[in-house]
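Dropping a structure here in C-alpha coordinates format, bear with me for questions.
Going in written order, the chains are labelled A, B, C and D, and every chain counts its residues from 1.
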Amino acid sequence: MTATAQMLRTHPLDIGIDRAKLEACIEACLECAQACTSCADACLSEKMVADLTACISTNLDCADVCEATGRVLTRQTAWNAEVVQSMLEACATACKACGDECSEHASMHEHCKVCAESCRKCEQACRELLGAL
Amino acid sequence: MTATAQMLRTHPLDIGIDRAKLEACIEACLECAQACTSCADACLSEKMVADLTACISTNLDCADVCEATGRVLTRQTAWNAEVVQSMLEACATACKACGDECSEHASMHEHCKVCAESCRKCEQACRELLGAL
Amino acid sequence: MTATAQMLRTHPLDIGIDRAKLEACIEACLECAQACTSCADACLSEKMVADLTACISTNLDCADVCEATGRVLTRQTAWNAEVVQSMLEACATACKACGDECSEHASMHEHCKVCAESCRKCEQACRELLGAL
Amino acid sequence: MTATAQMLRTHPLDIGIDRAKLEACIEACLECAQACTSCADACLSEKMVADLTACISTNLDCADVCEATGRVLTRQTAWNAEVVQSMLEACATACKACGDECSEHASMHEHCKVCAESCRKCEQACRELLGAL
(Lines give C-alpha, C1' and ligand atoms only; values in the text may rest on other atoms or scores of the structure.)
Protein backbone atom coordinates (compact mmCIF):
# COMPACT_ATOMS: atom_id res chain seq x y z
CA MET A 1 0.00 0.00 0.00
CA THR A 2 1.30 3.50 -0.77
CA ALA A 3 1.93 6.05 1.98
CA THR A 4 -0.91 8.15 0.54
CA ALA A 5 -3.34 5.24 0.96
CA GLN A 6 -2.05 4.46 4.45
CA MET A 7 -2.49 8.07 5.50
CA LEU A 8 -6.05 8.30 4.14
CA ARG A 9 -7.03 5.02 5.81
CA THR A 10 -5.80 6.15 9.22
CA HIS A 11 -7.61 9.50 9.03
CA PRO A 12 -10.19 9.89 11.81
CA LEU A 13 -12.89 11.17 9.43
CA ASP A 14 -14.74 9.31 6.71
CA ILE A 15 -16.32 11.96 4.52
CA GLY A 16 -18.06 9.47 2.24
CA ILE A 17 -15.97 10.03 -0.88
CA ASP A 18 -14.98 6.98 -2.97
CA ARG A 19 -11.66 6.21 -1.26
CA ALA A 20 -10.04 4.39 -4.21
CA LYS A 21 -10.81 7.22 -6.64
CA LEU A 22 -9.60 9.82 -4.14
CA GLU A 23 -6.31 7.99 -3.52
CA ALA A 24 -5.78 7.46 -7.25
CA CYS A 25 -6.40 11.15 -7.94
CA ILE A 26 -4.06 12.44 -5.20
CA GLU A 27 -1.30 10.11 -6.41
CA ALA A 28 -1.87 11.08 -10.04
CA CYS A 29 -1.62 14.77 -9.09
CA LEU A 30 1.69 14.25 -7.27
CA GLU A 31 3.15 12.10 -10.05
CA CYS A 32 2.06 14.61 -12.69
CA ALA A 33 3.45 17.58 -10.74
CA GLN A 34 6.81 15.82 -10.51
CA ALA A 35 6.81 14.77 -14.18
CA CYS A 36 5.97 18.33 -15.28
CA THR A 37 8.70 19.92 -13.10
CA SER A 38 11.12 17.38 -14.55
CA CYS A 39 9.95 17.80 -18.16
CA ALA A 40 10.26 21.59 -17.93
CA ASP A 41 13.85 21.13 -16.81
CA ALA A 42 14.64 18.49 -19.43
CA CYS A 43 13.22 20.76 -22.17
CA LEU A 44 15.38 23.58 -20.81
CA SER A 45 18.46 21.40 -21.34
CA GLU A 46 17.61 20.49 -24.95
CA LYS A 47 19.62 22.19 -27.69
CA MET A 48 16.36 23.14 -29.40
CA VAL A 49 15.06 24.89 -26.26
CA ALA A 50 13.83 27.81 -28.39
CA ASP A 51 11.20 25.46 -29.90
CA LEU A 52 10.11 24.21 -26.49
CA THR A 53 9.30 27.42 -24.60
CA ALA A 54 5.53 26.90 -24.77
CA CYS A 55 6.06 23.36 -23.51
CA ILE A 56 8.18 24.57 -20.57
CA SER A 57 5.67 27.23 -19.58
CA THR A 58 2.73 24.82 -19.84
CA ASN A 59 4.66 22.28 -17.77
CA LEU A 60 5.31 24.83 -15.03
CA ASP A 61 1.64 25.81 -14.85
CA CYS A 62 0.56 22.18 -14.76
CA ALA A 63 3.04 21.35 -11.96
CA ASP A 64 1.70 24.17 -9.78
CA VAL A 65 -1.97 23.36 -10.39
CA CYS A 66 -1.45 19.62 -9.78
CA GLU A 67 0.47 20.24 -6.55
CA ALA A 68 -2.21 22.54 -5.15
CA THR A 69 -4.96 20.10 -6.21
CA GLY A 70 -3.18 17.20 -4.50
CA ARG A 71 -3.04 19.20 -1.26
CA VAL A 72 -6.68 20.31 -1.40
CA LEU A 73 -7.82 16.72 -2.05
CA THR A 74 -5.76 15.51 0.91
CA ARG A 75 -7.61 17.73 3.39
CA GLN A 76 -10.75 16.10 4.75
CA THR A 77 -11.39 18.27 7.84
CA ALA A 78 -13.50 20.93 6.14
CA TRP A 79 -13.96 19.35 2.71
CA ASN A 80 -15.72 21.97 0.60
CA ALA A 81 -17.38 20.39 -2.45
CA GLU A 82 -17.33 23.62 -4.46
CA VAL A 83 -13.64 24.29 -3.85
CA VAL A 84 -12.73 20.66 -4.60
CA GLN A 85 -14.85 20.62 -7.75
CA SER A 86 -13.41 23.86 -9.14
CA MET A 87 -9.85 22.72 -8.44
CA LEU A 88 -10.48 19.34 -10.10
CA GLU A 89 -11.81 21.17 -13.15
CA ALA A 90 -8.79 23.49 -13.21
CA CYS A 91 -6.46 20.51 -12.80
CA ALA A 92 -8.13 18.52 -15.60
CA THR A 93 -7.87 21.63 -17.82
CA ALA A 94 -4.18 22.17 -17.04
CA CYS A 95 -3.40 18.46 -17.57
CA LYS A 96 -5.29 18.46 -20.89
CA ALA A 97 -3.31 21.50 -22.07
CA CYS A 98 0.02 20.01 -20.95
CA GLY A 99 -0.75 16.53 -22.27
CA ASP A 100 -1.61 18.03 -25.68
CA GLU A 101 1.53 20.17 -25.73
CA CYS A 102 3.89 17.39 -24.61
CA SER A 103 2.32 14.95 -27.09
CA GLU A 104 3.46 17.18 -29.94
CA HIS A 105 7.08 16.63 -28.90
CA ALA A 106 6.72 12.99 -27.82
CA SER A 107 8.28 11.55 -30.94
CA MET A 108 11.40 13.69 -30.52
CA HIS A 109 11.75 13.81 -26.75
CA GLU A 110 11.20 10.76 -24.58
CA HIS A 111 10.69 12.98 -21.50
CA CYS A 112 7.75 14.67 -23.23
CA LYS A 113 6.26 11.26 -23.99
CA VAL A 114 6.51 10.10 -20.37
CA CYS A 115 5.18 13.45 -19.14
CA ALA A 116 2.24 13.39 -21.56
CA GLU A 117 1.26 10.00 -20.14
CA SER A 118 1.30 11.36 -16.58
CA CYS A 119 -0.84 14.31 -17.72
CA ARG A 120 -3.40 12.03 -19.42
CA LYS A 121 -3.55 9.81 -16.35
CA CYS A 122 -4.04 12.79 -14.04
CA GLU A 123 -6.66 14.40 -16.29
CA GLN A 124 -8.62 11.14 -16.29
CA ALA A 125 -8.27 10.67 -12.52
CA CYS A 126 -9.63 14.21 -11.97
CA ARG A 127 -12.60 13.55 -14.27
CA GLU A 128 -13.35 10.22 -12.58
CA LEU A 129 -13.29 11.81 -9.15
CA LEU A 130 -15.48 14.66 -10.42
CA GLY A 131 -17.96 12.03 -11.63
CA ALA A 132 -17.94 10.33 -8.23
CA LEU A 133 -18.58 13.45 -6.13
CA MET B 1 5.77 50.73 -8.13
CA THR B 2 5.71 47.20 -6.70
CA ALA B 3 8.22 44.55 -7.81
CA THR B 4 5.31 42.61 -9.39
CA ALA B 5 4.41 45.62 -11.53
CA GLN B 6 8.05 46.27 -12.45
CA MET B 7 8.49 42.64 -13.49
CA LEU B 8 5.34 42.62 -15.65
CA ARG B 9 6.31 45.90 -17.32
CA THR B 10 9.76 44.62 -18.28
CA HIS B 11 8.40 41.37 -19.73
CA PRO B 12 9.21 41.03 -23.47
CA LEU B 13 5.66 39.93 -24.35
CA ASP B 14 2.47 41.94 -24.27
CA ILE B 15 -0.37 39.44 -24.38
CA GLY B 16 -3.10 42.05 -24.48
CA ILE B 17 -4.50 41.50 -20.98
CA ASP B 18 -5.50 44.56 -18.91
CA ARG B 19 -2.17 45.12 -17.12
CA ALA B 20 -3.58 46.92 -14.08
CA LYS B 21 -6.15 44.20 -13.39
CA LEU B 22 -3.54 41.48 -13.90
CA GLU B 23 -1.09 43.13 -11.49
CA ALA B 24 -3.81 43.72 -8.92
CA CYS B 25 -4.91 40.10 -9.13
CA ILE B 26 -1.40 38.63 -8.79
CA GLU B 27 -0.71 40.85 -5.79
CA ALA B 28 -4.06 40.01 -4.21
CA CYS B 29 -3.30 36.28 -4.63
CA LEU B 30 0.09 36.60 -2.93
CA GLU B 31 -1.25 38.74 -0.11
CA CYS B 32 -4.16 36.36 0.45
CA ALA B 33 -1.91 33.28 0.41
CA GLN B 34 0.27 34.86 3.08
CA ALA B 35 -2.69 36.00 5.20
CA CYS B 36 -4.24 32.50 5.05
CA THR B 37 -0.98 30.75 6.01
CA SER B 38 -0.67 33.20 8.89
CA CYS B 39 -4.32 32.93 9.98
CA ALA B 40 -4.14 29.10 10.00
CA ASP B 41 -1.16 29.37 12.34
CA ALA B 42 -2.74 32.04 14.54
CA CYS B 43 -5.91 29.90 14.88
CA LEU B 44 -3.69 26.94 15.81
CA SER B 45 -2.27 28.99 18.69
CA GLU B 46 -5.67 30.04 20.07
CA LYS B 47 -6.87 28.30 23.24
CA MET B 48 -10.17 27.55 21.52
CA VAL B 49 -8.41 25.79 18.62
CA ALA B 50 -11.00 22.98 18.74
CA ASP B 51 -13.61 25.50 17.52
CA LEU B 52 -11.36 26.69 14.70
CA THR B 53 -10.44 23.50 12.87
CA ALA B 54 -12.69 24.20 9.88
CA CYS B 55 -11.18 27.68 9.68
CA ILE B 56 -7.63 26.29 9.72
CA SER B 57 -8.36 23.73 7.02
CA THR B 58 -10.14 26.29 4.82
CA ASN B 59 -7.23 28.69 5.30
CA LEU B 60 -4.71 26.04 4.20
CA ASP B 61 -6.70 25.24 1.06
CA CYS B 62 -7.07 28.92 0.21
CA ALA B 63 -3.33 29.55 0.67
CA ASP B 64 -2.43 26.74 -1.75
CA VAL B 65 -4.98 27.74 -4.38
CA CYS B 66 -4.00 31.44 -4.22
CA GLU B 67 -0.30 30.65 -4.50
CA ALA B 68 -0.79 28.44 -7.55
CA THR B 69 -3.10 31.03 -9.14
CA GLY B 70 -0.55 33.80 -8.58
CA ARG B 71 2.10 31.72 -10.36
CA VAL B 72 -0.14 30.78 -13.30
CA LEU B 73 -1.14 34.44 -13.79
CA THR B 74 2.51 35.48 -13.75
CA ARG B 75 3.39 33.28 -16.74
CA GLN B 76 2.81 35.03 -20.05
CA THR B 77 4.88 32.82 -22.38
CA ALA B 78 2.15 30.31 -23.21
CA TRP B 79 -0.85 31.99 -21.60
CA ASN B 80 -3.72 29.51 -21.91
CA ALA B 81 -7.07 31.24 -21.50
CA GLU B 82 -8.86 28.06 -20.39
CA VAL B 83 -6.29 27.21 -17.72
CA VAL B 84 -6.22 30.80 -16.47
CA GLN B 85 -10.01 31.02 -16.39
CA SER B 86 -10.49 27.76 -14.52
CA MET B 87 -7.84 28.71 -11.95
CA LEU B 88 -9.39 32.15 -11.45
CA GLU B 89 -12.74 30.46 -10.84
CA ALA B 90 -11.18 28.00 -8.38
CA CYS B 91 -9.40 30.85 -6.63
CA ALA B 92 -12.54 32.99 -6.36
CA THR B 93 -14.36 29.93 -4.96
CA ALA B 94 -11.64 29.20 -2.38
CA CYS B 95 -11.47 32.88 -1.35
CA LYS B 96 -15.26 33.05 -1.00
CA ALA B 97 -15.25 29.95 1.24
CA CYS B 98 -12.37 31.26 3.35
CA GLY B 99 -13.73 34.80 3.56
CA ASP B 100 -17.09 33.42 4.77
CA GLU B 101 -15.45 31.13 7.31
CA CYS B 102 -13.06 33.78 8.69
CA SER B 103 -15.87 36.35 8.86
CA GLU B 104 -17.66 34.15 11.37
CA HIS B 105 -14.73 34.51 13.77
CA ALA B 106 -13.87 38.11 12.94
CA SER B 107 -15.49 39.57 16.05
CA MET B 108 -13.46 37.26 18.32
CA HIS B 109 -10.18 37.03 16.45
CA GLU B 110 -8.57 40.05 14.84
CA HIS B 111 -6.42 37.79 12.60
CA CYS B 112 -9.60 36.26 11.13
CA LYS B 113 -10.90 39.77 10.43
CA VAL B 114 -7.72 40.82 8.60
CA CYS B 115 -7.63 37.52 6.72
CA ALA B 116 -11.29 37.78 5.69
CA GLU B 117 -10.53 41.19 4.16
CA SER B 118 -7.64 39.72 2.13
CA CYS B 119 -9.94 36.91 0.95
CA ARG B 120 -12.67 39.36 -0.13
CA LYS B 121 -10.13 41.50 -1.95
CA CYS B 122 -8.66 38.49 -3.75
CA GLU B 123 -12.07 37.06 -4.66
CA GLN B 124 -13.02 40.41 -6.19
CA ALA B 125 -9.71 40.77 -8.04
CA CYS B 126 -10.21 37.29 -9.56
CA ARG B 127 -13.74 38.15 -10.67
CA GLU B 128 -12.63 41.46 -12.17
CA LEU B 129 -9.85 39.78 -14.11
CA LEU B 130 -12.28 37.07 -15.27
CA GLY B 131 -14.56 39.85 -16.51
CA ALA B 132 -11.68 41.46 -18.42
CA LEU B 133 -10.49 38.31 -20.22
CA MET C 1 9.91 1.94 -12.87
CA THR C 2 8.40 5.05 -11.28
CA ALA C 3 7.57 8.14 -13.33
CA THR C 4 10.29 10.03 -11.40
CA ALA C 5 12.89 7.49 -12.50
CA GLN C 6 11.63 7.48 -16.08
CA MET C 7 11.81 11.26 -16.22
CA LEU C 8 15.35 11.40 -14.82
CA ARG C 9 16.55 8.71 -17.23
CA THR C 10 15.21 10.54 -20.28
CA HIS C 11 16.79 13.86 -19.24
CA PRO C 12 19.31 15.10 -21.83
CA LEU C 13 21.94 15.94 -19.18
CA ASP C 14 23.93 13.62 -16.99
CA ILE C 15 25.35 15.73 -14.18
CA GLY C 16 27.27 12.89 -12.58
CA ILE C 17 25.17 12.52 -9.43
CA ASP C 18 24.42 9.00 -8.18
CA ARG C 19 21.14 8.44 -10.04
CA ALA C 20 19.69 5.85 -7.66
CA LYS C 21 20.27 8.04 -4.60
CA LEU C 22 18.88 11.09 -6.39
CA GLU C 23 15.71 9.25 -7.45
CA ALA C 24 15.25 7.80 -3.98
CA CYS C 25 15.63 11.23 -2.40
CA ILE C 26 13.18 12.98 -4.75
CA GLU C 27 10.61 10.26 -4.17
CA ALA C 28 11.14 10.33 -0.40
CA CYS C 29 10.61 14.13 -0.44
CA LEU C 30 7.33 13.84 -2.35
CA GLU C 31 6.06 10.98 -0.19
CA CYS C 32 7.00 12.84 2.99
CA ALA C 33 5.38 16.08 1.81
CA GLN C 34 2.16 14.20 1.13
CA ALA C 35 2.26 12.30 4.44
CA CYS C 36 2.86 15.53 6.37
CA THR C 37 0.02 17.40 4.64
CA SER C 38 -2.22 14.44 5.40
CA CYS C 39 -1.05 14.04 9.01
CA ALA C 40 -1.62 17.74 9.71
CA ASP C 41 -5.19 17.33 8.48
CA ALA C 42 -5.77 14.08 10.37
CA CYS C 43 -4.50 15.70 13.60
CA LEU C 44 -6.84 18.62 12.95
CA SER C 45 -9.77 16.16 12.90
CA GLU C 46 -8.82 14.47 16.18
CA LYS C 47 -10.93 15.33 19.24
CA MET C 48 -7.73 16.04 21.15
CA VAL C 49 -6.57 18.58 18.56
CA ALA C 50 -5.53 20.97 21.35
CA ASP C 51 -2.74 18.51 22.26
CA LEU C 52 -1.59 18.21 18.65
CA THR C 53 -1.01 21.81 17.60
CA ALA C 54 2.79 21.54 17.68
CA CYS C 55 2.50 18.39 15.59
CA ILE C 56 0.27 20.13 13.01
CA SER C 57 2.58 23.12 12.72
CA THR C 58 5.69 20.93 12.42
CA ASN C 59 3.92 18.84 9.77
CA LEU C 60 3.06 21.93 7.73
CA ASP C 61 6.66 23.17 7.83
CA CYS C 62 8.00 19.75 6.86
CA ALA C 63 5.56 19.46 3.93
CA ASP C 64 6.67 22.82 2.51
CA VAL C 65 10.38 22.14 2.93
CA CYS C 66 10.12 18.63 1.41
CA GLU C 67 8.13 19.89 -1.57
CA ALA C 68 10.64 22.64 -2.34
CA THR C 69 13.55 20.22 -1.89
CA GLY C 70 11.96 17.70 -4.28
CA ARG C 71 11.65 20.42 -6.91
CA VAL C 72 15.21 21.71 -6.48
CA LEU C 73 16.62 18.16 -6.73
CA THR C 74 14.61 17.57 -9.91
CA ARG C 75 16.26 20.44 -11.75
CA GLN C 76 19.52 19.41 -13.45
CA THR C 77 19.96 22.32 -15.90
CA ALA C 78 21.89 24.62 -13.58
CA TRP C 79 22.51 22.27 -10.66
CA ASN C 80 24.10 24.42 -7.94
CA ALA C 81 25.89 22.27 -5.37
CA GLU C 82 25.65 24.90 -2.63
CA VAL C 83 21.91 25.43 -3.09
CA VAL C 84 21.26 21.68 -3.26
CA GLN C 85 23.40 21.01 -0.20
CA SER C 86 21.76 23.71 1.92
CA MET C 87 18.27 22.54 0.96
CA LEU C 88 19.16 18.91 1.73
CA GLU C 89 20.38 20.03 5.15
CA ALA C 90 17.22 22.06 5.75
CA CYS C 91 15.11 19.11 4.62
CA ALA C 92 16.91 16.60 6.85
CA THR C 93 16.46 19.06 9.76
CA ALA C 94 12.73 19.52 9.11
CA CYS C 95 12.22 15.75 8.71
CA LYS C 96 14.12 15.07 11.94
CA ALA C 97 11.95 17.58 13.82
CA CYS C 98 8.73 16.19 12.34
CA GLY C 99 9.75 12.55 12.78
CA ASP C 100 10.53 13.22 16.45
CA GLU C 101 7.26 15.07 17.01
CA CYS C 102 5.09 12.49 15.23
CA SER C 103 6.84 9.63 17.05
CA GLU C 104 5.57 11.02 20.34
CA HIS C 105 1.98 10.48 19.15
CA ALA C 106 2.58 7.27 17.22
CA SER C 107 1.16 4.99 19.88
CA MET C 108 -2.13 6.95 19.98
CA HIS C 109 -2.48 7.97 16.34
CA GLU C 110 -1.75 5.59 13.51
CA HIS C 111 -1.42 8.52 11.05
CA CYS C 112 1.41 9.94 13.18
CA LYS C 113 3.12 6.55 13.09
CA VAL C 114 2.92 6.31 9.28
CA CYS C 115 4.01 9.93 8.93
CA ALA C 116 6.97 9.47 11.28
CA GLU C 117 8.18 6.60 9.09
CA SER C 118 8.00 8.82 5.98
CA CYS C 119 9.95 11.52 7.82
CA ARG C 120 12.66 9.08 8.92
CA LYS C 121 12.95 7.70 5.40
CA CYS C 122 13.22 11.18 3.90
CA GLU C 123 15.74 12.36 6.49
CA GLN C 124 17.91 9.34 5.70
CA ALA C 125 17.56 9.79 1.93
CA CYS C 126 18.67 13.42 2.29
CA ARG C 127 21.70 12.43 4.37
CA GLU C 128 22.66 9.68 1.93
CA LEU C 129 22.45 12.04 -1.00
CA LEU C 130 24.46 14.64 0.94
CA GLY C 131 27.11 11.97 1.49
CA ALA C 132 27.19 11.17 -2.23
CA LEU C 133 27.61 14.75 -3.47
CA MET D 1 0.78 48.63 7.36
CA THR D 2 1.04 45.56 5.11
CA ALA D 3 -1.26 42.56 5.52
CA THR D 4 1.78 40.50 6.59
CA ALA D 5 2.48 42.96 9.42
CA GLN D 6 -1.18 43.11 10.43
CA MET D 7 -1.37 39.33 10.57
CA LEU D 8 1.80 38.98 12.67
CA ARG D 9 0.63 41.68 15.09
CA THR D 10 -2.72 39.98 15.68
CA HIS D 11 -1.14 36.57 16.32
CA PRO D 12 -1.89 35.27 19.84
CA LEU D 13 1.74 34.25 20.45
CA ASP D 14 4.79 36.42 20.90
CA ILE D 15 7.80 34.17 20.42
CA GLY D 16 10.34 36.89 21.14
CA ILE D 17 11.75 37.28 17.65
CA ASP D 18 12.53 40.80 16.39
CA ARG D 19 9.16 41.55 14.78
CA ALA D 20 10.40 44.15 12.28
CA LYS D 21 13.14 41.84 10.96
CA LEU D 22 10.73 38.90 10.76
CA GLU D 23 8.14 40.93 8.81
CA ALA D 24 10.80 42.31 6.50
CA CYS D 25 12.15 38.83 5.82
CA ILE D 26 8.75 37.25 5.10
CA GLU D 27 7.89 40.09 2.73
CA ALA D 28 11.27 39.88 1.02
CA CYS D 29 10.78 36.12 0.51
CA LEU D 30 7.36 36.61 -1.08
CA GLU D 31 8.54 39.46 -3.29
CA CYS D 32 11.60 37.49 -4.39
CA ALA D 33 9.56 34.35 -5.12
CA GLN D 34 7.26 36.39 -7.35
CA ALA D 35 10.11 38.22 -9.08
CA CYS D 36 11.90 34.91 -9.78
CA THR D 37 8.77 33.21 -11.18
CA SER D 38 8.26 36.26 -13.36
CA CYS D 39 11.91 36.51 -14.45
CA ALA D 40 11.99 32.81 -15.41
CA ASP D 41 8.97 33.44 -17.64
CA ALA D 42 10.34 36.66 -19.11
CA CYS D 43 13.64 34.90 -19.94
CA LEU D 44 11.62 32.11 -21.58
CA SER D 45 10.05 34.71 -23.88
CA GLU D 46 13.35 36.27 -24.94
CA LYS D 47 14.64 35.44 -28.42
CA MET D 48 18.00 34.53 -26.92
CA VAL D 49 16.40 32.00 -24.55
CA ALA D 50 19.17 29.50 -25.34
CA ASP D 51 21.61 31.81 -23.51
CA LEU D 52 19.32 32.13 -20.50
CA THR D 53 18.61 28.53 -19.51
CA ALA D 54 20.85 28.64 -16.43
CA CYS D 55 19.12 31.85 -15.40
CA ILE D 56 15.67 30.27 -15.80
CA SER D 57 16.59 27.19 -13.80
CA THR D 58 18.21 29.23 -11.04
CA ASN D 59 15.13 31.47 -10.93
CA LEU D 60 12.82 28.48 -10.54
CA ASP D 61 14.88 27.07 -7.67
CA CYS D 62 15.01 30.44 -5.94
CA ALA D 63 11.23 30.91 -6.27
CA ASP D 64 10.54 27.55 -4.62
CA VAL D 65 13.04 28.05 -1.80
CA CYS D 66 11.81 31.60 -1.06
CA GLU D 67 8.17 30.51 -1.02
CA ALA D 68 8.83 27.66 1.41
CA THR D 69 10.98 29.94 3.59
CA GLY D 70 8.22 32.57 3.71
CA ARG D 71 5.76 29.94 4.90
CA VAL D 72 8.08 28.47 7.55
CA LEU D 73 8.83 31.97 8.92
CA THR D 74 5.12 32.73 9.10
CA ARG D 75 4.40 29.83 11.46
CA GLN D 76 4.91 30.74 15.11
CA THR D 77 3.02 27.89 16.80
CA ALA D 78 5.91 25.44 17.01
CA TRP D 79 8.77 27.67 15.91
CA ASN D 80 11.79 25.39 15.61
CA ALA D 81 15.03 27.39 15.66
CA GLU D 82 17.02 24.72 13.83
CA VAL D 83 14.49 24.37 11.01
CA VAL D 84 14.16 28.15 10.68
CA GLN D 85 17.92 28.64 10.70
CA SER D 86 18.61 25.97 8.08
CA MET D 87 15.88 27.33 5.80
CA LEU D 88 17.19 30.89 6.17
CA GLU D 89 20.64 29.63 5.19
CA ALA D 90 19.24 27.74 2.20
CA CYS D 91 17.25 30.81 1.18
CA ALA D 92 20.23 33.16 1.46
CA THR D 93 22.26 30.67 -0.63
CA ALA D 94 19.56 30.41 -3.33
CA CYS D 95 19.12 34.20 -3.41
CA LYS D 96 22.91 34.70 -3.69
CA ALA D 97 23.08 32.26 -6.61
CA CYS D 98 20.10 33.84 -8.37
CA GLY D 99 21.20 37.41 -7.69
CA ASP D 100 24.64 36.61 -9.16
CA GLU D 101 23.14 34.90 -12.22
CA CYS D 102 20.57 37.64 -12.92
CA SER D 103 23.19 40.36 -12.45
CA GLU D 104 25.12 38.95 -15.40
CA HIS D 105 22.14 39.68 -17.66
CA ALA D 106 21.04 42.91 -15.99
CA SER D 107 22.52 45.20 -18.62
CA MET D 108 20.63 43.39 -21.40
CA HIS D 109 17.39 42.46 -19.67
CA GLU D 110 15.60 44.88 -17.39
CA HIS D 111 13.63 42.00 -15.79
CA CYS D 112 16.92 40.40 -14.72
CA LYS D 113 17.98 43.71 -13.19
CA VAL D 114 14.77 44.06 -11.17
CA CYS D 115 14.91 40.39 -10.16
CA ALA D 116 18.55 40.65 -9.05
CA GLU D 117 17.58 43.51 -6.75
CA SER D 118 14.81 41.40 -5.16
CA CYS D 119 17.31 38.55 -4.69
CA ARG D 120 19.88 40.84 -3.01
CA LYS D 121 17.20 42.29 -0.75
CA CYS D 122 15.97 38.84 0.24
CA GLU D 123 19.47 37.48 0.81
CA GLN D 124 20.20 40.41 3.11
CA ALA D 125 16.89 40.08 4.96
CA CYS D 126 17.63 36.38 5.59
CA ARG D 127 21.11 37.18 6.92
CA GLU D 128 19.78 39.95 9.16
CA LEU D 129 17.15 37.66 10.61
CA LEU D 130 19.76 34.93 11.09
CA GLY D 131 21.84 37.46 13.01
CA ALA D 132 18.87 38.35 15.21
CA LEU D 133 17.91 34.78 16.18
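Simple rule for what comes next: a contact is a pair of C-beta atoms (placed from the backbone, for glycine too) under 8 Å apart; a residue touches a chain by one contact, two chains touch by 3 or more.
Being a predicted model, the structure only gives us computed values, none of them experimental.
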item	value
Longest centre-to-centre distance from chain A, chain (CA-based)	D
Numbering shared by both copies at the chain D-chain C contact, with half separating same from different	same
Centre distance in Å when chain A and chain D are each reduced to the mean of their C-alpha atoms	27
Inter-centroid spacing, chain B versus chain A (mean Cα positions, whole Å)	21
Overlap residues in chain C, where contacts from two or more other chains coincide	41, 44-45, 53, 56-57, 60, 67, 71, 75, 77
Residues of chain A touching chain D in the complex	40-41, 44-45, 47, 49-50, 53, 56-57, 60
Chain C to chain A touching residues, read off their complex	3-4, 6-8, 10-13, 26, 30-31, 34-35, 37-39, 41-42, 44-46, 67, 70-71, 74-77, 109-111, 113-115, 118
Contact set on chain D toward chain C in their complex	53-58, 60-61, 64-65, 67-68, 71-72, 75, 77-78, 80, 82-83, 86-87, 89-90, 93-94, 97, 101
